[in-house]
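You will see two complexes here that share subunit A, one where it goes with subunit B and one where it goes with subunit C.
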Partner chain A sequence: MKEKVAIISVGNTEYTSLRRETRSKAELAYAAIKQALDEVRLSIEDIEACVFTSVDGFEGNVRPARVLEAFGQAHNIPLIDVNTGGTAGGSGIKEAVHLVSAGIYRLVLVYGSPTFNEVVDNQQVLNTASPPIFEKPFGLGAAHMGSLYGARYMREYHVTAEDFAMVAAKNHKAAASNPYAHIRKGYTTAEVLSSPMVAWPLHLYEICPVSSGAVAMIFASEGAAKELCSTPVWVKAMNSIADTFLSGYKVYKDFEKLKILSKRIYAEVGIKNPRGDLDVVEIFNPFGPFELLAYEALGLCEEGQAVKLLREGATQLDGDIPCNPSGGVLCTNSGISASVTRHAEVALQLMGKAEGRQVKSPEVGLAHSWGGNDGQFHTVAIFSL
Partner chain B sequence: METTEFMNKEYNMHLDFSVSLGPNYTRWMKALKDKKILANKCGKCGRHFVPAKPFCEICFESINEWVETDGFGIVESFTIGYAKFRNFPDPPYVIGVIRIGPSAVSMIHWIAGFHYDKPEDIPDKIQIGMKVKPVWADQRTGDLLDILYFAPV
Partner chain C sequence: MVGKIGIIGYAVVGFGADVRLASDELVFQASKSALDMAGISREDLGTTVISSVDVYDGITISNGLTATAGGGYEKDATRIQGGGVGAVFSAFASILSHSADFAVVAGADAVRYDDEVVSNSSYDPFFRRPIGMFNLAGYALVATSLMRETGATEEDFALVAAKSYKAASMNPHAHRKTAHTLEEVMRSPYVLWPLRALEIAPVSKGAAALVVASEEKTKEISKDPVWITAIGAGTSQYYGSWSDLMALKGMRAASGQAYRMAGITDPAVEIDAAETFAPFAPLEILAAEALGICKSQQSLEMLRHGMTSFDGAKPINPSGGTLAANPPNCGGILRTIQGAQYLQRNTDARKVVVQDSDINLGFFGETYHVAVLERGGTES
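On to the complex of A and B.
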C-alpha cells in the first residue's frame, strides 16, 4: 500500500431479530455512525467520503444506499456504493482502505447496513440471489448452499456431526459473553445436536440467525489517525478474490479460493506461520462447518487437521490462536453488517476494547469475509497495532 | 410502565424477467427435450462442460465442439432439505451437486427415486461419489425440469 491507513473508530448498535426490531433503517444508520464519530470527536462534515455496503435488492429497495441521509449528503460528501453479496463489508472496507492509501481522502466512513432489514420472508429474498435458470427451481436456499461444503468436508476428512456441533457450540459460548451478539444462549454441543435438522448436515443451531443491527467504521490517513486516536489499528494488507457464480461449478471439499488469497496476503506482509504470527482471527462463519474449512484455508493448520485444532482448544478465547471470540456470524448475522463486523471486531480486539470477549493483548489480527452466490468472493485483511 | 406501540407498514414488489439464453445454453436446453444431456468442449484446454458454457473461462475462447454424454453422473456433494420454506419443495428433498459424464464442472439437481423408511434415514442412502442417472419427464419442453430427478444406479 502507498500510504499508511488506520482504523480509528468503530460504532456498533445492539442486535436483535427482525421481528423484534423497532428501530427504523434510518435510526440504525444514525446510531452506528454517530457512535463512530463521537468516539473520535468528529462531526459528520469532517468525513471526506462514505462507503456504503449492502446487497442490492435485499432491503426492500434496489439501491438502499440512496434512501438514507446518514452519509453526509447534507455536507456534499461523496457516497460510494459497494456490493459483492455477503462479502460487501470486506469489499467496501477494501475500497475505503485504497482511497485513503492512495492519498485521495484522509477520513473515510464505512457503513455496514442491516441487509435483511424490512424483509418479511428472508428465505424468499435470499433465493433471488440464486442462479435463476439453472439452480433456483431446486429449493437451494442459503442454508442448503452452506450444507454442500459441510457434507463434502465430512466425507473428505471423516469429520463427524459432533465435530461440527462442537465448533458451533464454541461460537455460541463466545457470543454469550459478547454484548453485541444477537443469539446469546450459549448452546452446548449436545443442544446443537438435538436442535432440528434444517439442511443436512446442518442443525438449526449450526445456522446463523437473521439479525438486525448496524456497524460503522472510520478509516484514516496516518496523520489524521495519530491526531485523532490513541490506539489506531493499522491496515497491513487487504485484498479480495472472485469465483464463479453457479453453485454447481464449485468443488466443495475446501475453500480453494481463500487458500490462494491468504497465501497472497501472507506473502505481502511476511507472515510465515499464521498460527504463531496472528493473535486473533474473525472468520465469516454463517454455518458452523465454515470455520473449520477456513482454519485450513487460512493455514492455521494442515489440510484435514481443523477438527484437531478445534479439539485442542487452540481457537477458543484463551487458546493460542483465538478464532471468532465474538461468536462470529453464526450468532449474529445482520447481513453486510456482519462482514464489516469481522473487521470491526478485530479492530476492537487490538484496541483492547472488546468488552466481555477480549483476547489477551493481541497485536496482529486477521479478518475474513465470504459471500456472493455460495462463496463467490472472499476478502482477507491483516490489521496490527 | 408506559409502553410504546411501534408501527410497521407493508409493501411488496412483483417483478417479471425474461432471460435470453444465447446459442450454447439454447442448444443444451433443447437437447433435453430429446432426453439428451450434451456437453460442450473447449477446443484449447479440452475440458468438457455440463451444463454447456458459452465460453471457457480459463482459456477465454468460445466453445464450439459438442458431445453427447451417457447422462450418468457422480454425486460430488449433496444436502437434504428438512425444513419447509415458502415456495420451496416440500421436505424432505435431496439436492445434489452432480457431475455428468466427462464434465469438469457439476450441476444442481434433485436426487430421488430411492427407498427409505424414515426421513432421518436419508443421509445413509446417499453417498458422495455415488453414480446416478437421469429420470425423464413424459412431457418435455427444453428445460432443466425435463429431468425429474437423478436416481441412484
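On to the complex of A and C.
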C-alpha cells in the first residue's frame, strides 16, 4: 500500500429478525452511519466518498443505494456501489482502502446493507446466483452450499455431527454476550444436535438466521486518523481471490482458494505463525462447519486438525486464538452487513470497544469474507493497532 | 495530482442489437484481445474489475460468471455497479495505492431484458415507482425543461442526434451505423414528447475491455501512451430539487474533483474533446456546460455552429457517442476506449474528458464519473 489507512470508527444498529423489523432501509442506514460519524464527531459532509455494499438480487430495488438518502447525496458525495456477493463487504472495504491509500480521498465511509430484509425466500434468490443452465436446475440454494462443504469435510477427516454442533455452540455462546448479535440464546451442543435437520449434515442451529440490521465503518488517511481518533486501527493488508463460476471443479474438502490468499497476505505482512501472530479472527461462517474449514485454510492449524483446535478451546474467547468472539455470521446474518461486520468486529476488538465480547488486549486481527456462487470469492484483511 | 495510470490495451466486441455469445464468453474475448494488445499475459494482472449490474445480466452476483473470464482466476477481482468509468476508477485507485501494477477493466452486455421494467424497479417502491417513473420519462422531463429554460428547440435536439450519427457512420463499432440526417431524425416518431426515436439511444449488446498499468510499467511497454490523469465522482440527490437536477449537480461535483486532480483550471480552453454518456440527445447540451467544456449558456450556440461536431473546434462525442452504441454494463469502458482513440488519432489534441453515469436506470439519485485522459510521451 502507498499511504497508511486506518479504521477510525464503527457504527452498528441492533439486529433483529427480518420478520420483526420495523425500521425502514433508510432508517437503518441513517442509524448506523450517524453512530459511526458521532463516534469521531464528524458530519456526513466531512466524508469524501461512501461505499455501498450489497447484492442487488436480494434487494427490493435495483441498485437500492440510489434511493437511500443517507450517504450525503445532498452534498453530492460520490456513492460507490460494490457487489461481489457475500464478499461485497470485504470488496467494498478494499475499495475504500485503495481510495484512501492512493491519496484520492481522506475519509471514506463503508456501509453494509441489510441485504436480506425484503426477501421472501432467500434460498430461491440465491439459486439465481448459480450457473443458469448447468447448476441452477439442481435447486442449489444457500443451505446446500453449506452442506456440500460440511458433508465432504466430514468424510475426509472423520468428523462427527457432534464436532459440527460444538463449533455452532461455541458461536451461540459467544453471541449470547454480544449486544449486536441477533440470535442470543446460547444454544448448547445438545440443543444444536436436537434442532431440526435442514440440509444434511446441517441442523437448524448450524445455519445462520435471516437478520436485519446495518453497520458502517469510517476509513481515514494517516493524518486524518491521528487527528480524529485516539485508537486508530491500521489496515496492514487487504486482498481477495476469485475461483471459477462452475462448481463442478470444486472438491469441497477445504477452502483451497482461501489457503492461497492467506499465504499471500501473510507473506505481505510478515506473519509466519498465524496462530501465534494473530490475536483475534472473524471468519465468515454462515454455516457452522465453515469455521473449521477456515481454521485450516488460514493456517491456524494443520490440515484435518481443526476439530482438535476447537476441542482444545483455543478458538474460544479466552483461548490463544479467539475466532468469532462476536458469535459470527452463524448468529447474525443481515446479508452484506454481516460481511462488513467481520471487519468492524475486528476493529472494535483492537480498539478495546467490543462490549461484552472483548478479547484480552489484542493487537493484530484478521477478518475474512466469503461469497459468490458456492463461495468462489474470498477476501482477507489484516488489521493492527 | 495523485498520479496517473496508462492505457496499454483495449478491445471491443460488437456492438449490435443482439450477440451470439454469453457474458463470460464476451468478457473473455474482449479481455484476451486487450491483454494481447498490451503484450502482457493474465499472469501479470494484479486485479480484474468488472463493470456490470446484476439485473442487466439476469442473474444474482453476476460477476461470478465474468470475473475469471476477465483474467481474475486466483487473482484479486471486484465488481463495480454504476458505470464503466466507475470500474476504471476502481482500477485507478488499485494501481495508485500500489496494490496492482496491471488491471483489466471489462464488461459485457448479452442478456435481453425489458429496459422500462428494469428502470422502474430502480425507483423507490412508494412514491415514484407506483406512478410508473422510468428512464425515458425522466429524459423527456429534462428535455422539456431545457426547452423552457434555454430556448432549445426540437431541431436542436435533432441536430445533436444528426451530428452523432454522422460520426457514428465512421465508427466500426457503432450499433447504429447509418448517418441519419437532421430531416430523418425530425421525421422519426415521437417516443415521449419532445423526444423522437432517433434521439434516444438503443440498448446495445457487446463487450469492452481495457488494460491499464502503473506509470512505471506503462513507460516500459508503450512509447506514446494515453494516460488517465484524474477521475472524479459525484452523486445526485434522489429527493432533490428540479433545479439541482437540471444543474446536473452530481456531474458538476465529479468534474470539479477530476479537474482539481488533473490541475485543469479552465476546462473550456484546456479540454480538446469529450465523450459523454447521453442516452437521449438533449443531455449532451446540458452536460457540455456541467463539464465546463462550454461556458455557461453557450452550449446551444456551439452546437448550432457545428463547433461540437466531430470535425468542429470542440468535438463532443466524436465517436458518435451513446446514440451510436449504448451497452449499459460496458458503456463507460467503451467511452474510455473511444476517448483514448481520439487522442491517438488527433495528434494535436492533448486532453479529452470521458464522462459516464448510471442514468440508464433513470434520473434521480444517479452517480456520475468524469475521467481526464491525456496524451504525452513517456517522458512526461
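A few notes on this one:
Basically, the second predicted complex is superposed on the first by the 385 of 385 C-alpha atoms of A that agree within 3 Å, B and C clash if a C-alpha of one lies under 4 Å from a C-alpha of the other, contacts with A are read in each partner's own complex, and residues count from 1 in each chain.
The rule is simple: a residue touches a chain if its C-beta (ideal position, glycine included) is under 8 Å from a C-beta of that chain, and two chains touch if they have at least 3 such contacts.
Computed from a predicted structure; not experimentally measured.
With the C-alpha superposition on subunit A as described, subunit C and subunit B fit side by side in the combined arrangement.
When the shared chain is aligned, no partner comes close enough to touch A:Ser230: not subunit B, not subunit C.
Judged by the touch definition given at the top, the superposed model places A:Gln124 against subunit B, while subunit C stays out of reach. Of the two partner chains, subunit B is the only one touched by A:Pro137; subunit C is not. Subunit A has more of its residues touched by C than by the other of subunit B and subunit C. Of the two partner chains placed by superposition, only subunit B is touched by A:Ser147; subunit C is not. Touch criterion met: A:Gly60 reaches subunit B and subunit C at once.
Contacts of A:Tyr249 after superposition on the shared chain: subunit B is touched, whereas subunit C is not. In the superposition on chain A, A:Val198 makes contact with subunit B only, while subunit C stays out of contact range.
If you stand at the C-alpha centre of subunit A, subunit B and subunit C are 80 degrees apart, rounded to the nearest 10. Between subunit B and subunit C, the minimal CA-CA distance in the chain A superposition rounds to 6 Å. Shared contact residues on subunit A (touching subunit B in one structure, subunit C in the other): 60, 132, 244. The part of subunit A that touches subunit C in the complex is made up of residues 1-3, 49, 55-58, 60-63, 65-69, 71, 73-74, 76-85, 91, 94-95, 97-104, 125-126, 128-129, 131-132, 239-245, 257, 260, 371-373, 376-377. Touching subunit A in their complex are the following residues of subunit B: 4, 6, 10-11, 13, 17, 19, 21, 25, 51, 57, 76-83, 85-89, 93, 95, 97-98, 105-110, 120, 122-123, 127-129, 144-145. Interface of subunit C with subunit A (complex): residues 2-3, 24, 48, 53-55, 58-61, 63-65, 67-68, 72-82, 86, 89-90, 92-99, 118, 121-125, 232-240, 249-250, 252-254, 257, 261, 358, 361, 364-367. Contact residues on subunit A toward subunit B in their complex (touch as defined above): 22, 60, 120-121, 123-124, 127, 132-135, 137-141, 143-144, 147-149, 151-152, 155, 196-202, 244, 246-252.
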